[in-house]
Amino acid sequence: MDIATVVGVVVAIALILASIVVGGGSFVAFIDAPSMMVVIGGAIAATLISFPLPNFLGIFGVSMKVVFWKLDSVPELIKQIVNLAETARKDGLLALESRVSEVENDFIKLGIQMAIDGTRPEVMEDILRTEIDAVATRHRDGKALLDCMGRFAPAFGMIGTLMGLIIMLGDMSDPSKIGAGMAVALLTTLYGAIASNVVFLPFAEKLGYTNKQELLAMDIVLRGIMAIQAGENPRVIEQKLYTFVPPKARVAEEAA
Amino acid sequence: MDIATVVGVVVAIALILASIVVGGGSFVAFIDAPSMMVVIGGAIAATLISFPLPNFLGIFGVSMKVVFWKLDSVPELIKQIVNLAETARKDGLLALESRVSEVENDFIKLGIQMAIDGTRPEVMEDILRTEIDAVATRHRDGKALLDCMGRFAPAFGMIGTLMGLIIMLGDMSDPSKIGAGMAVALLTTLYGAIASNVVFLPFAEKLGYTNKQELLAMDIVLRGIMAIQAGENPRVIEQKLYTFVPPKARVAEEAA
Amino acid sequence: MDIATVVGVVVAIALILASIVVGGGSFVAFIDAPSMMVVIGGAIAATLISFPLPNFLGIFGVSMKVVFWKLDSVPELIKQIVNLAETARKDGLLALESRVSEVENDFIKLGIQMAIDGTRPEVMEDILRTEIDAVATRHRDGKALLDCMGRFAPAFGMIGTLMGLIIMLGDMSDPSKIGAGMAVALLTTLYGAIASNVVFLPFAEKLGYTNKQELLAMDIVLRGIMAIQAGENPRVIEQKLYTFVPPKARVAEEAA
Amino acid sequence: MDIATVVGVVVAIALILASIVVGGGSFVAFIDAPSMMVVIGGAIAATLISFPLPNFLGIFGVSMKVVFWKLDSVPELIKQIVNLAETARKDGLLALESRVSEVENDFIKLGIQMAIDGTRPEVMEDILRTEIDAVATRHRDGKALLDCMGRFAPAFGMIGTLMGLIIMLGDMSDPSKIGAGMAVALLTTLYGAIASNVVFLPFAEKLGYTNKQELLAMDIVLRGIMAIQAGENPRVIEQKLYTFVPPKARVAEEAA
Amino acid sequence: MDIATVVGVVVAIALILASIVVGGGSFVAFIDAPSMMVVIGGAIAATLISFPLPNFLGIFGVSMKVVFWKLDSVPELIKQIVNLAETARKDGLLALESRVSEVENDFIKLGIQMAIDGTRPEVMEDILRTEIDAVATRHRDGKALLDCMGRFAPAFGMIGTLMGLIIMLGDMSDPSKIGAGMAVALLTTLYGAIASNVVFLPFAEKLGYTNKQELLAMDIVLRGIMAIQAGENPRVIEQKLYTFVPPKARVAEEAA
């Protein structure tokens, strides 16, 4: 779980609440259910039009991933692969059968199982690459969807404010109500800005970042599994995979 | 038909109408035919200048595609191709003649017909690729046109509001009319924002998405047809095409 | 001549004029020569700084191209090339001499003349490609210039409005004049928005579109001429060039 | 010297001054030294932070280049190279020694000197390419710096206006001063918009344009010098280099 | 240490303070702790959500790098490498052992150490390239993070201003307080604009620039070390590496 994401959301909300108190405002003045509905509902509706339903429904899984994301340590992955390579070298590829259940990482599991089944190397590489592409596409679509919501939320905030202003301007018989009417009109713009800058845009940014990290890890695993299948020496595999880890990170790892 | 698009449009409109009611406004205050004409007419006029007439007229077909779009299931397509491959393998390419009529997908039909006619493989691949490019170009032009309308609608909304303000500012003899004049002036900006964020931009986004999916499916079909023409083994064709389907989707398919 | 461009410009202007009438404004209130000068003059001045003089002067030719542009029909071009190929095949390359004058398209003319002159194929291809690049560069520079004007026009509109506001704010002794002063100040922003969204940006968009179409046609011509020079069979040339025409367009052509 | 740049700057300034006179404003109202300092000083300060000092100081040379830029005519360059090639062909590479002093273009000089010194072709090409890259980098950095100033000037204009508004809003005891205070506050936004749209952005655009032209010319020179060094026939060199000049420009040249 | 960065920050702050004094404002009116907290705290919170914690904490190191950055002179690096090459040529690779401690540059040290250890050339090049990539990634992530803060700071400035306006509009019983309330509301927008344009965006720009310079230097070092390992002639190495230094810079160097 990535503590930074949770801390960031909590801090942002706390700051906004605190500044209302300090500014002498009442929380009631900042809560307006219809305004919230226009902004959030509008952003969701526009996103529903933009993407197929399954992608939209997948957004919750994707958001969870941003919050609870835990990157596999690359040196850890390499250790695991070298370990499997040693078994394969000593007792043959079929000996990996008994060890598949130990492996947590789904992608390593898929690769090892194909190696045991005797899938031809070219086919195996094609299938693993397709899986990598599928993960990349899923993340890219998720990021595109969050970016979309981050653009539509302020747009519907502005739509709501325009509608509020038009209603207010249409009835200015009681000047004392103008201020209150305008305050309510501005609420939707505020909601749009908060939803976009505290949730949608940062989550999209984070997903883009975790995507790059995960693809790098999957690429290293792919090379490792192909090397195991080719029956390469575990030491050579280790050295080859470690060239993807920067020297400094490697030293830190060895020291640990 | 993609239910998400329809739901999205309905929800967006319902939210806007509901918030007028809740906000205490009257629908009449939000309807102004000349304002609508400036925004929608202006966006259409600017788009007419930007694109040749046939592209512009094609926009309705393209929009329908966004709403009624039904992606061919890739595993379904593969099944169909493997099936055709079996016939070709058993009874020869000419035996496909009697089966062409069963095929619904126009692109498979085109390919099979050329295979039956004995078109040379290189020419066949060139022609199929040109067709794929033509589809990609048609979609890309359609998306560019919708994006254009999504940019021009708010621009003409602003032009309308500026004109309304200038008219209002030119005659301020009756202060009680200022509010109403300003409300009308703001209507065009509102129309521009709604047209852009509920229709043009989400439809453009969706078209970009469906385009990617359709091209992927066409690419798989192309490879399948070339393999049938080369007389490859149906099992090998199946395995080859399935490498384009991510393992998880494949498992789901087999379970179904 | 592309009717859509003309229709678009006429419709846009008609809509703007109509909405002034409907809004109850007088045309006089919308015409202010100094404001026009700041916006259009400013955009022209900034563009003069941005581009060399010949490019700037070429903008009128480029704009005419957008309005009066008539794309050569690709199947028409192919027919013409196949026709020339038949002459060359039957009576030799030199026999094309008598037919050069029939050809309207300058690019085909240039190619055929070089083929007659016995220019070496590699040199010929290099020269034709340079000509294609020159056309592409001319169009790209033209589009960049129109885009520039489309960005500078609203910027000078804002500059004009700021200047008008500063003048107005400096002398508020007569409150009844404030409205009129503000109306005049807003005129430059209005002019900038109209110039940008009715003329510059749509013309830039159209030029980008026609550019892509023209380059595709030139590319097909280039391949045709190289094939004629190599003495290929007219039927083979026809088939080869037709692979660049999508099947559906081809069927429509043959039916016609 | 590029007359368009000078004309553009003069016209832009004249238009702005004229519209103050026509608008009935006094020049005094538009001059405020502290406002100028905030906008120009702020843009300079932010640019100083963004780039190393030498790049920043180089901006004056780069700006002069935009104004006094004179592109070498490409056919002129080719003539010169062919001329040198004839000397080299007739009297040997060393005979070029006596002609180096005639050459004005620094890049040709550098190349010819290396050819005379007997530098190996590969090394020579590497060095000339590095010089081309260095020119490209210098121009790109110059353009990036001008673009930066074009973005920071309006930003500091807005910062100045916000500060002016805050000062004005803090003391509204004398309502008659509100207009004047606001006018002064708006001045910084006006300065930022003028500096950006009359100077920084157009100069950046122009530099990007001249850069492309200069690199093309240098590339042609590079090919010419390598051909001289290889002892190629002057006629062949001429033909080869002319393939980079579009046919129409060539005809104009020959006619001249 | 890059003096320009320090000068830029000092000048920007001095200009802002000076213009408050000149404008007749009091510093007190410009300081509001809660407003600062919303803008800076909000930007930090949103960035915390967008990036993993280690990246966020690394921002201070990265910022220091922008201020205290001292680019290794490329001719200096080449001299050092040629010097090491001479030792290796005369006394063998192992003789470099005694000289490693003299070398300051960590990247040269890493390479030389591997050469001494007898690492195979391919592995050595892979490892050095991975280190270059790691530096590039670290810088790119740092730039992305600063860019993010540069976008979020004005967004939270706007959020703060909206909240201030809503509070002010909710209680307009005392008209004399409206001005002061609005002044405070505008403060957050001002803070956001200053933080973004004086700190975040310029620092991001600078980091992007230093990154390019450092990668170029590392690339030259990599080639030098591989050449030392291959036992190439020090003169040849020098000539090869100097082809990456533009002729003019080289002349300046030799003259020095």
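Observations
A, B, C, D and E label the chains in the order they appear, each numbered from 1.
We adopt the following convention: contacts are C-beta pairs under 8 Å (C-beta built on N, C-alpha and C of every residue); 3 or more make two chains touch, one makes a residue touch a chain.
Chains and their UniProt names: A, B, C, D, E = Chemotaxis protein PomA.
It should be emphasised that the depicted structure is a prediction, and the values quoted were computed from it without experimental measurement.
Number of steps on the shortest path from subunit B to subunit D, with steps defined by chain touch: 2. The two copies, subunit A and subunit B, are related by a rotation of 70°, based on C-alpha atoms and rounded to the nearest 5. Once the centre of each chain is set as its mean CA position, subunit A and subunit C turn out to be 43 Å apart.
For the pair subunit B and subunit C, the distance between mean C-alpha positions equals 27 Å. The touch graph of these protein chains is a ring, one cycle where each chain has exactly two neighbours. Put simply, subunit C touches subunit B in their complex at residues 2-5, 7-9, 11-12, 15-16, 18-20, 22-26, 29-30, 179-180, 182-183, 186-187, 189-190, 193-194, 196-198, 201-203, 205-206, 209, 239, 243-249. Those residues of subunit D that touch subunit E in the complex are listed here as 34-35, 37-38, 41-42, 44-53, 55-56, 110, 123, 126-127, 130-131, 133-134, 141, 148, 152, 155-156, 158-160, 162-167, 169-172, 184.
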